[in-house]
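For reference, the structures are reproduced in the following blocks.
The same chain A turns up in both complexes below, where it pairs with chain B and then with chain C.
== the complex of A and B ==
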């Protein structure tokens, strides 16, 4: 559905994106993660055809998106810093959206008003930050896009509204196979709804994977042996990290859980525990190799 | 219908597969009963519909459910091998307990007589099952 191939982008002399390739299937919810300044917003703006890349191509629904109103008609982007025309009320802004997006659904707009409970005749800029964000979602979802791109979408929303909005997005994904890209620096926020994850670091995409595969492919193992560590224990294991804590050895091992269990049980450990990792831990160990102290940034 | 632990380390789809298996094995979901649609479940649990689809596919490949195009997924009449996994789990637990018992000084012959004892109590039921 969305294919970004070998895209690079410079601003002045600073390189923001280096040879990034990213692929999102139709009906998928894709989480784009990365530290501050990794290039997430730039990548999303290129993906939606707002910015033009220096090199590479961006294809949405088999067509180049840049300056292509036909494709953009089905794409809605909610930026991290919202923009509404000054002095516009919600209903005026909705009228504007209706003129731009041919799939505008007035019935849904009315339905969502009941859900959000905001006054349509109030000027948008009089609303609080969180309420303005609700207006953005309200307008975006009423435009019935095929592709919804969200840049840090849940900032400033309370837990109840956040859940409501996630639920609305999920309904559209289930009903009409809407494709969603969500960027975030908060892992927990996206862990529950995304099926694919991409990690952007200093302008390069260092990992792109199915979230469940990612989780079931890497494990934390605690083992202890009666008479010291057998030397050949790690021969056939892909060990990312080892940590000796007293007589218990803690290691992070890549591989299928059954294979690891089978291999280790040969050596008859007295203590043996195998746990999947949380997304946060995966980041710490995956990005440890890239030389980035991720645990201080991703909370 | 059930709750998932989104904070858990276990992948969500694995949790879903396990929960649904449990419901099927315990007869909460009966044979030929329709499972909730992907859409309903996604909305109820606020999780990705693709994850649910994946869990359903997994259950189907393990023959716990079958699906009819355009109608949905249904509980399969359970095959006999349904307990294989449970048995494996139980064996592991027994092994641990036996190891502990042996460590504490129980002799193997004591163990055998224990098995006989238990077998006498429940055994009859098993052979006629």
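== the complex of A and C ==
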């Protein structure tokens, strides 16, 4: 659905994005994580055809998106700092969207009004920050996009509204196979909704994972042996981390759980526990050297 | 997937109208106030002063308001219409929509054009209705409406197109506004700056030749302000073509614009150095120009270059980097100064031999030669009706001009700038091969080496004909001859109507002028009388009565007019003399006693010698200091009847001695 291939972008001699490649499948919700200044917003603006990359290409639905109204007609971008025409009411803004986006769905708009319960004749800029964000989703979802790109969408929203919006997004993904990219500086904020995660650090994509794979692929193992550690124990295991606590050894091991269990049971451990990892732990162990960058994302 | 095929996005236009519609309304109000309402007011006032208006151009009603509105509205409109490009949030929003940039700019341009044109058309319709329903043909006729409508629209469009172009180049709305006017003035401004600075670098360069009236036409602003009543259809078409070209460039630039540069002064990296060093160069030249024209010393030009370049460089740098802290970036300035010095040195080295070039005599067809301060070459001389040629053509004169020019080249230096009493010498050789060589010098023409050549030229009949209108007037064309003695003119004028007498007098005058010697031209003494000649074309020619005009003097005596035509010592009670630099009028009216600043002369012989030495301050080689001389007539010794300024050199010896001159 969305293919970002080797995209680079410089701004005033400083590199914002270098050689970023990223792939999002249709109907997938992709979480783009990174600390402030990592280049998330720039990448999203390039992905939505607002900015033009210096190198590489951005292909959405098999067409280059930049200056391509046919593709952009199905892509809606909600920026981190919302923008509405000054003095416009919700209904005026809706008319504008209706004129611009050919898939505009008036029924949907009316339905969402009941859900949000906002006054369509009120000037948008008079609304509170949280309400404005709801208006943005309201308008965006009524445009029936195939691709919805959200830059830090949950900033400043309370938990109830946040859940309401997440549900709306998931519903559209489920019903119409809408593709979503969400950027965030906080993993916890998006881990419950995303199925793919990419981490951007200093302009490079340092990790891209399927969350289900991740979770089933990495394990925390506690083992203890009566006669000390067998020397060949780790020979066929991909160990990311080891920590000896008294007689108990704590390891983080990558691999299928059955394989790990089978391998370790050969050495007759006194204690053997296979524990699940939190997403946060997975990232920290997975990242190793660049872990410091990831910590910010995980707070 | 079906896509609405409608090209036109009415919601964008709607948004534009909500955003900038008020500007169109204000424009309409301003135009209605300036023209139709003003005419109605004048009609209802029945002010008969307006009944015979000289010009019927509709621009003449509240001209200042019209200037202001016509020049300001398109720029303000473009600033607001394209503000979305300069604000980050709106740029991102608008460009995330499924509309091509070309389409966006077309929509905004259409709204803008409509908003500048509609108020003008509505005003024109109001005027048309007025002209049909009311009797106002003495204010304007229908064709005036058409002219007004056309010129206003054309000027509005060219300014609007320029403002759009600048909008696509810059990322700050204020910069767009300022830069638009600079852009509009640039073509005229840069020509003036380059030409004046060439004048400082190349001895003899004539900046006036290159900056004559046509420079004004290079900028739509100066062109409109100066020539609003004489726009031709051709010029209007040129303006429209330029507008279209500017718009095409704007669209191309917009397509290539990097949106992330919103809120930067210049959005194209390639343009940044051009902008930076362009501003620096213009400010350098402006600095040199300002000090070169206001100061009389050459080192001020250099100081002007330094001040201008530093100012320009750091201003541009500040604008580009958007910070005050630019004063550590001397490297670029350093290279600029080296490059500039190199260019200036190359120009002033005069590799092409420009400064020393004098065409050979046999190449020359004719020469324009002027030694007074006025520059008339290639310009229409409306005020001098009887001067039909500007050129000297005789072999003697051509040789003399060349000889003079050679001396000028030898004598003049780079440092001859604008000394207050330096004259501007203009020489334009028109060659047989069709080329023209124009030179201009600021110099002191009293230098002895010049005198033999000037004598030849000044004494030639040809040159006298170029400088004395009377020589070109047929005797029978003269209808009236008036001689005012210079003191008590109201009572003592001599008027001659008799054709016979006039014929004799004019013949005598012409003979005197043709015979007048070089010395008498440059340093003669005069009667205070003024000779005024009225021709059958209702033109006046004024002459100062030089004392070398012996034939005319004899004619006056023969006709018993001499006594009335000139002032004699007997008619004057007292003469006051004081330096013209001090408040002499105060002295003449309040003081009665002589003091160090003031001399009263009552002795008849002394008065006569003052009269005999009289010479007006504006003729010949007159140089300061000037002295004011005041004539008292009759009993009243408080109020001088007449005052003149004369060069100190022409004062009689006893006066010079009194004031310690020489």
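Just so we're on the same page, the second predicted complex is superposed on the first by the 294 of 299 C-alpha atoms of A that agree within 3 Å, B and C clash if a C-alpha of one lies under 4 Å from a C-alpha of the other, contacts with A are read in each partner's own complex, and residues count from 1 in each chain.
In this section, a contact is a pair of C-beta atoms (placed from the backbone, for glycine too) under 8 Å apart; a residue touches a chain by one contact, two chains touch by 3 or more.
Bear in mind that the values here come from a model prediction, so they are computed numbers and not experimental data.
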Chain B and chain C placed together on chain A: clash or fit? fit
Query raised in the report: Which holds for A:48: it touches chain B only (first), chain C only (second), both, or neither?
Result: second
Fill in: Contacts of A:70 with chain B and chain C, given as first, second, both or neither
second
### Query
Should A:278 be classified as contacting the first partner (chain B), the second (chain C), both, or neither?
first
Counting residues of chain A touched by each of chain B and chain C, the higher count belongs to C
After the superposition on A, what does A:27 contact: first (chain B), second (chain C), both or neither? first
Geometry row: CA centre of chain A as apex, chain B and chain C as ends, angle in degrees (steps of 10) is 170
Query - Touched partner set for A:17, first chain B, second chain C, both or neither - result: neither
After the superposition on A, what does A:166 contact: first (chain B), second (chain C), both or neither? first
With both complexes superposed on chain A, which partner does A:199 reach: first (chain B), second (chain C), both or neither? neither
Least Cα-Cα separation in the three-chain superposition, chain B to chain C, whole Å, stands at 24
Chain A partner, complex, touching residues on chain B are 6-7, 9-14, 38-39, 42-43, 46-51, 54
As the complex stands, chain A meets chain C at residues 11, 42, 45, 48-52, 67, 69-77, 79, 81-83, 85, 87, 95-96, 98-103
The answer for chain C against chain A in the complex is residues 1-4, 9-12, 14-15, 18-19, 88-93, 95-101, 255, 258-260
The answer for chain A against chain B in the complex is residues 27-29, 163, 166-167, 170-171, 173-175, 188, 191-195, 211-212, 215-216, 275-278
